[in-house]
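Heads up, the next two complexes both have chain A, just with different partners, chain B and then chain C.
On to the complex of A and B.
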């Protein structure tokens, strides 16, 4: 136990150092920081207006009210921002680090390479957009009739489940880097799928819904928390959502460690 | 532009074709990914307009809008600002400055093959749309005049985009690599161009503000020639606005280049 606490402190210290170092590189280009922030704000606000505009045409979309549709958008936003802040950038940079040989430096350190890769970049840019993402979420909830405790608990549980599943999927993509460094487009597909999940899932044909629930379970990430909150998630489907995330984490971890064993350095 | 000039710049086509074909899988992936986003947009709008009409659209016209946006989006908005920014920051621009060519025209010619490839992929995309939405009606016009204006509008939009792309890349004269501001401009044109929704559906004041920028004339103006609530006069006005914007952007390209090149510096051998 003492060892675990010590380990935890050590990892916390390493994470803080990595965060500070990344912040140092970020502020070397203050103009980029400002413009990226503005771009993210513009994009977020545009899609908020986009969804508001839809309801000038229709009072409901596939049976969902304005507040419920906005909740899909706001939840996607929140999850996306949290993913970006925490681990996405770190995993995303792995192919370049492998190509350049920089990954070797991480392997030589007495720290878990998975931890180092996933968490060495803390995205301050997305952190600045978090208050706005929370503001949209608050607005979406304010349009809904007040939720009971069960709905709130369900929402929070499936939100955390969504983060776990997204981490597993990102870890899997990162682990693919050990087989091929040409994974750029796969990361792009993940981003595209995240963005299209801002829509209620029922807009998709049943086949696409099935694919995005059971084959590439992206709908578990966004749709499940929202459906749990508004009471539209059947218990059996909810249990499946929790199980698939747990399974994905185990498989991703195995895939990562196998990939790591297959890794051969490209550096000099 | 005389024959000798055309011959001079056409010399850039073979290397540009080789470069394009070297990354054909990437282009295919980009197009597929863009198609995926457009499919989601199509399903969204079909759900919204199912059995309804509003904002000058009904289910067939909104579907036609999305299909045309998917067809022309990649063709009009094929960008190469990264290469230009890297040329400026990395000092490769010096090599072009010693040649008797205009960097702007070279930049424009280099994007012709990739646009050609995107054009070739359009029938494939159409097939995907037809296969996935076999029962959704479309509302393409039968008037050849509208089709002629559409083609003209796409050409004007493409020329406008080339200038916007060049101006975006030229930010690297002022900001190191200019990642942030170039991304901001990319976000602005992508959202305000009408690629995601007909801009007339946005709230009035946002719609009015967007119309003052060059962005809606990239995607919305060409599509409006074929589908939507715009009258014949408004459609002509949209083409007129494209011509005015093209002139303004070309003058801006000249001005920005002449000022930017004075700031340019390269070191090394």
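On to the complex of A and C.
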């Protein structure tokens, strides 16, 4: 798909309209905002208390200081919130749309179906938790010795890389919908794997670390930015992290388009 | 209110099993989460106990036993009825039950038993395997504590279904219960002691948890199992969870009668 300035403007306009329309549906149930926010806050606070309790008795965990372990937790939170806000809900709804036949409406529009599915829902509910996620991140960094410019640049680059890889993995899960319609629990597995990334990877046996780095590269998502920030990411492993994300994006895109060709619109 | 005949109840359970087995691969992926969560907790506690011998009155062995046993108990008592009830009211699907000679609340209870039983059986297989792997660390209770812990979980299972139905019935008054349900799902596992034993926090917090119903689905029966509560204390806990169950039977009945009066079958 060739991208021109005109096309970009058109897609930006479509995205703004989709965001506004979704916001319109959300404000009809304002209580959802409050309850969702409260639930998330309780969850985040529990994790936080858990970490504080552990470090009250243990000076380090698998060789990481309190600030470093908190940085894993805070980075996972930030990435999780950004994923949820941006595209997760849209992809997650695809199986239901396929079952109900609503996906056909996306196909009939003169817009990329991938763009429509991924970005038609901007999650305002999770947006409310973004300031708290940033607050946790700020606190984690405040516990660490001041970082140099290289560490900051590394952190930001691998944070972007993490979002690209997460998008590729989510696109792959969404594309599976065209093969097996019910994929709800596969998304649950993705969420579970995301949540285990709030801990330093060294708590896992070496085989699991290898699996989560090279087979299902979830560790690239959270561990790599944190390790880049604290200077524990070897250059070769960092290059691998960038390469695997690029490869995952290419493969996910192919898998999505193949899946789309297999789609038979059975529910309509 | 007349109780549904047992034969009809069993048929509802059978139907819920048949529906669940339509998506067999999804059931498999759902179970992965049952492995991930306790396994990660065990690994975390292994890392913590590498630097300390005791944590809030727990040794490494009792903490691993806590993780495994509480995972089983929480898996035994969980359900997802609130979301379904809320959606059926919101979308007007409740109508199909109103024209049938079946109590909707009782139908939901049987259906939830069916859905939960399948999930629980599979969760048990997973956790039994983990239990076998960590059999050296697993605490073996005496007979009275074992029976009392199982009795508390059995009552908590019914209590949890009633609680979920009560939350779902709120949809009679608010446009959407999705936020409410999400908050409930987010919080209940944590307050049940699914992430860590609740007694590592302050006594005031623990007292509040003993008053609320959530801890009786995980933390309390696990404490009984581990022999950290006397038989008298365990009987008192059984009385509290039973009182909550009776109270919820009344609450669900009242909320249903009030709600159905204002139900307008919107969505049909």
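Heads up, the rule we're going with is that the second predicted complex is superposed on the first by the 263 of 268 C-alpha atoms of A that agree within 3 Å, B and C clash if a C-alpha of one lies under 4 Å from a C-alpha of the other, contacts with A are read in each partner's own complex, and residues count from 1 in each chain.
To be clear about the criterion, contacts are C-beta pairs under 8 Å (C-beta built on N, C-alpha and C of every residue); 3 or more make two chains touch, one makes a residue touch a chain.
Note that the coordinates shown come from a computational prediction; the quantities given were computed from them, not determined experimentally.
In the model built by aligning both structures on chain A, chain B clashes with chain C. By the touch criterion defined above, A:43 reaches both chain B and chain C. In the superposition on chain A, no contact is made by A:142 with either chain B or chain C. Contact with chain C, but none with chain B, is seen for A:180 once the two complexes are overlaid on the shared chain. With both structures placed on the common chain, the touch criterion links A:265 to neither chain B nor chain C. Touching of chain A by both chain B and chain C, each in its own complex, is seen for residues 29, 31-36, 38-39, 42-43, 46, 49-50, 53-54, 57-58, 61-62, 185, 188-189, 192-193, 195-196, 199, 203-204. Within the complex formed with chain A, the chain C residues making contact are 22-23, 25-30, 32-33, 36-37, 40, 43-44, 46-48, 50-52, 55-56, 174-176, 178-180, 182-187, 190, 195-196, 200-201.
Residue ranges on chain A touching chain C, taken from their complex, read 28-29, 31-36, 38-40, 42-43, 46-47, 49-50, 53-54, 57-62, 125, 180-186, 188-189, 192-193, 195-196, 199, 203-204.
Across the complex, chain A is touched by residues 26, 29-30, 33, 36-37, 40, 43-44, 46-49, 52, 54-55, 175-176, 178-181, 183-184, 186-188, 191, 196-197, 201-203, 206 of chain B. Residues 29, 31-36, 38-39, 42-43, 46, 49-50, 52-54, 56-58, 61-62, 185, 188-189, 192-193, 195-196, 199-200, 202-205, 208 of chain A are the ones touching chain B in the complex.
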